[in-house]
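Two complexes follow with subunit A in common, the first pairing it with subunit B and the second with subunit C.
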Partner chain A sequence: MTAATQAPARPVRARASRLAPPLSFLRLLRIELRRNAMPWLLPLIAALFWFDSYRPSTGQPPLYVLRTFWNMGQGHTFIDFGPFVAGVAAWMGSRDGRRRTADLVTGTARPRWTAQLATWGATAIWAIGGYLVCTGVMFAVYAHQGVQGQPPWWWVAVGATAVAAFSAAGFAVGVFWPSRFAAPLAAFGGFLALIMSSQTGFHDNTGWALILPTNSNGNFQADSGLLYPWLPDLPIARIMLLAGIAIAALGLLGLRDRGDGPWLRWLAVAVTAAGVAAAGTAVGLVTTARLSADGIVIPALHDAASDRPFSYTPVCGQAAGIPVCVNPAYRRWLPDVTAALGPVFREVAGLPGAPVRATQVAAVYNGGEAGSTGGQAATIGGRPPVLSLAIGALGLPGAFGATATLFADQLQLLAVHAFVGAGAGVGTSAQQAVQAALWQGAGVAFAAQPQVMSTTGLPTFAQAAAPATGPVYAAARRLAALPAAARQAWLATHLAALRSGQLTLAQLP
Partner chain B sequence: MNIELTDLTRRFGRTYAVAGVSMEAGPGVFGLLGPNGAGKTSLLRMMATVLPPTSGRMRLLGRDPGSHGPRREIRRRLGYLPQNLGYYPGFTVAEFVEYFALLKDMPPGRVPRAVAAAVEQVGLGDKAKAKLRTLSGGMLRRAGIAQAIVNDPELLLLDEPTAGLDPEQRVAFRAILRGLGERATVVVSTHLVEDVGAACSQVALMDAGKVVFDGTPGELIARGEGSGAAGDAPLERGYSAVLAAARSVPATRSAAGTQRGPETWA
Partner chain C sequence: MTAADTREPLPGAGPAWPAERRAAAALRLPWLFLVSRRVPAALGLLAGLALLLWSALYWHWSISGGRAAQQFLSLTVETGAAAVIAVTTYGPFGDPERATGRWLPYLRLGVAAALTAITYGALAAAITGGALPDGDLALLRNLVGITGIGLLCAAAVGGAFGWTGPLAYLVVTEVALTGNPTTPWVWPARPPHDLGGALCAVLVFAAGTAAVTLFGARDSGRHCTPE
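Right after this comes the complex of A and B.
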């Protein structure tokens, strides 16, 4: 069969310039950005973000590390975004299948992968943009409220990458299962993944589980961004994992369409492999992680510059005439600290080894919620003696239910514990008795002491406290009952023996 | 020749949708007639490089669509309107046409003018900024035609292009077809024999996956004369006569269908 007629010669078809492909892609992206479904859901996500991420943090003291522990450290910002983003991305990914445009798109010169990447790109831009706007507004509000310290930018980056990963994974679900049920399936899958990540994460602060994006162990060290930088090691590993997942999911899209040519297929294979390799490498890296004084260190990713503490000019007050200095970020608690230490300093004034100055030191990271080794003991050292306190390791007033009274009681305990020379341990019975007597003299009654010692934030020695009965407290009551001058005289005579652990309970007056 | 098909088949499972079709076509409007399930849509999908043939040889615009590079070149020069036009309801008419212009690898600088011209050509100039979800079925069909012609295709494949168009639009569309046929090969698959009579210089009739007639509309009319076949118009009588004659010969191996296959080129 022949149907041929003579026709005028066609003009030579214009060839696209070298800049045309990226320009075309940008124009596709512009259309997709205009007509994407994500903006419709962003108000809902923003509302969820407000109630779930921002509001719970407002009660925390104005330090970035505390304000952002819930929303960044425990990953609530992207728990709020992830499932919705995955669902919308799946909806967009399934569009050609649902709308029966697959033939139209397939019969065009550009690889279908290009069209899919433009659709995904627009979805991801909206999602990541929404995440960054929400986070940015939250941080702007924090800044307006005078929140102290450095914002955890690395963790913001982890969240943004997580949003990208959820969008890519959801999009892939939609492409491979182009059904109206793809969106709820992807959203539920995303929610499930995040919940499992949280649950598993609470139990582990070592090994592969550290890579889980909502594992708060290892995330937020007490003085991060205040006395030393945020360690980027773990965030980098998590970014590698999440970016790897995103890249692999996008690579899989290219593998699906066999007709886009061998080089594109090989490119898709390479992209997928690169994504899997990045994710696998990230998991491998976190298995080498170790706890350091200021957070989780991954040797292959660690930069020694991150270990350098910030230099700062402390702010100082007076407690019973003794200077007490803290990091400027802790300025608002300086009156609490001086008020708490004043009675202790008065109790020990003039005694050998009594501190002539108190200063704040950086809290040592203790391993997060899993396998916590407790708080940090105070020390007295140097000539003249200086009391060093890790205030950040304590429950600051307002943080996680802590009160100003409890904060003061804890400070006093740490100070007298250091004064009797018990170090990081429980101490001898004699040291415990003297500690109890001095603490009582500073204002914490014997009966109240065991309760204070059982509170969180204190070192392990405190957790071993017994009820305020028995021979230790009997000796403590006898010492406390002495006239102040007699007690001072006895302490002046026996402090050396007490601190060396040679004094027994029976030797107390 | 812009279309060269040699013993082309397409099988879905045990069913042959296209069972050994051979044809050649140069510039002009080519009508593809046939009853439901004759294999027209499968044949068009193969020519649109959406569906690979099971066997046979196909050359389009002088290139072999079985290889990636030539296939891409064919697609740059191809316009395709599927039978069931899918669309993105949230897109405007102009965005929909622009989207496919960009996917067809048109130089970006040419796209805005080409989009405006295509939209104007199908009579949707005043609806260019209307969202597709607000359009009637006929307008949607015209938007589909606009995306098919936006790249000034050398090979235009239209599957039931006039379905849903009112008589006035259909007349206008036939004029567009004739204009396009002056410089491109236009293949129009249709049930409506009057479209063929009005716009096509050549016509093929398919039944059960095979071409049972090819020739000019005049030759098809001649087949119906004196045959006693049913039909109100001469072309209809020719159509019925050819089908009746074809069905009186026992089929050798085919039973056609137009279902979509799982395999695609891309």
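Right after this comes the complex of A and C.
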């Protein structure tokens, strides 16, 4: 008998200490972190992130909701990361199979599933770390550039979870198909899934399609993060889905290795089931979603505190002597707003119902994508009358191709539309004629009006624009041709009838 | 003993191999090379990609967002095919293969060219499923150019990671297609008969093929791929 057999047996560790992350696992994780392929690709991904996510966003006005619409709302940050991460994870997952070392490592002390989790964990740590660093640097640059509003942190969390899900799914592909083609298959499969989800996501704004991570319909609009908080409901549901996919993929790995013992297999079954349940619950939750004024609300996840608007001290300017106040985040456009509203206020000065102040109100969410669908009508109400404008719903200069001239034209249209009492609709023929005449007086020629009305950022009433001909524009031209004093006098007499809808086109001068 | 004596058959040696056996022996090397590069599996994947393209065209899968977006699905399939071709350059033998294989450059060239031609044939057959935006001429240009990127990437970073170049180019193209690029280096965004785009694609393919032919993929005996 040798000395070795006479040595006392090492005491069995208590169950609690067995369940705690052992030092050997951390050592394994450290080795995997050092020997991982992910860091080699991070410079390429960072370059693509700059080109695809950051660079296009710089063309947008300096508001977080607009700057991050492309990269967070439409999911370009994880389009840049996800497929590459899935490919590298597949490469790492297929390592034992490719090298024919699976049997060799199965005999080691550590269960295969645990060792695979260490490999995946190292890949995911590099990938998520890289994602967070890139996003953090981007937000730091935004902050340095004076971008206004609250960053969409919930959407950053969605992106990080998406990266984790891609890494887990890619790793599972590599484990189950240990081939050199596993990496491109996982990468291009992930890319294809993302762009195909855009196909549905760009169309649908209700139901299950809201869960798609690239769907930005009705969930990424002004004035989130500016006049009210970002609603976390939809991001939480998407995090549940993506985390569920990641957990299920990792659980499947444990089901594969038969040598790990029954309790580990049962644990793998439970983990897989939990992942599937989380993903299914997330899909179920979004089918109950509804569009509210400040975003997508999912009743089971909604916190009423999220609906409270931000309090702020407005910044004000003067337009023809009338105060115009906006949220401080919109300060840079205050001169544009006052310059646009000045001619309108001069035209209607002294008339009944003419506004004595203009103020910004929060834009209300609609079902489409930011910048691509109808805006929100202005209103005049209260005593004394106040013009309320949802500036965030308009095409701000620089946003989605809008210009300062177009912004001014749209503001004037909204102001005169509200003044003639047309409300949210097209208005009567008489209201349309007076609106056209006042708008022309503010500086937009009759011939140019239909073109401006067809631009995005305006409410639906503008979409009914017709060519500047016909009886409406004939009446508008007659009214505009009157001397200013005569036009003022006629308006002062007939405004009440005009706003109540009783005035006909024939009654115009 | 003279040198001439050594050319005489040894006593007891058998007769010379028959012609068919010599032909089989000559084909053995290319076959072993194809197997070592997993070309049969690659052909299966390429057939799958052709089927995917056919399905996308037949059932009118598309991404909303205008003409540029319409061509993105087919471009993704073409890029995936180019990535598969690039990954076949990965060789598992390293130095022994490089030291003993004098036919290696010809085999590399032959496999890269043949796979590109076969892929084009398969994808061209697949577009009979529907109308491909820009037609088969653009398909050829895009496939050739992106395959060149994949081969260059394989020569630079390794065959196992040859897919990263085509995927990165696809992401760059996605952004470029949303704008109005004027550079011919983003050839998928150019009209099918654009000479500049075609020249750039051919140039990249020539460079990639030359690099892989002369030097092989980076992991073929010169450098280990990361874990």
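One rule holds for everything that comes next: the second predicted complex is superposed on the first by the 483 of 509 C-alpha atoms of A that agree within 3 Å, B and C clash if a C-alpha of one lies under 4 Å from a C-alpha of the other, contacts with A are read in each partner's own complex, and residues count from 1 in each chain.
Methods note: contacts are C-beta pairs under 8 Å (C-beta built on N, C-alpha and C of every residue); 3 or more make two chains touch, one makes a residue touch a chain.
Given the structure is predicted, the values throughout are model-derived calculations rather than measurements.
Within the superposed three-chain model, A:A183 lies in touch with subunit C and out of touch with subunit B [touch as defined at top]. Once the two complexes are laid over each other on the shared chain, residue contacts for A:P262 go to subunit B alone; subunit C is not touched.
Once the two complexes are overlaid on the shared chain, A:R95 sits against subunit B and subunit C alike.
Of the two partner chains, neither subunit B nor subunit C is touched by A:R308.
Between subunit B and subunit C, the partner in contact with more residues of subunit A is B. In the superposition on chain A, contact of A:R35 is made with both subunit B and subunit C. By the document's definition of touching, neither partner reaches A:R290: not subunit B, not subunit C. Residues common to the contacts of subunit A with subunit B and with subunit C across the two structures: 35, 95.
Of all residues in subunit A, only 1-8, 10, 13-17, 20, 23-24, 27-28, 31, 34-35, 95-96, 99-112, 114-115, 257-262 touch subunit B in the complex they form.
Residues 1, 22-28, 30, 45, 48-50, 68-69, 71-73, 75-78, 80, 82, 84-91, 95, 98-100, 102-108, 110-111, 147, 154, 181-184, 201-202, 204, 211, 214-215, 264-266 of subunit B touch subunit A in their complex. Against subunit A, in their complex, subunit C makes its touches with residues 38, 41-42, 45, 61-65, 72-73, 76, 79-80, 83-84, 87, 90, 157, 159-161, 163-164, 167-168, 170-172, 174-175, 178, 225-227. Only residues 35-37, 40-41, 44, 48, 51-52, 55-56, 79-80, 83-84, 87, 91-92, 95, 179-181, 183-185, 187-188, 191-192, 195-196, 198-199, 202-203 of subunit A touch subunit C when the two sit together in their complex.
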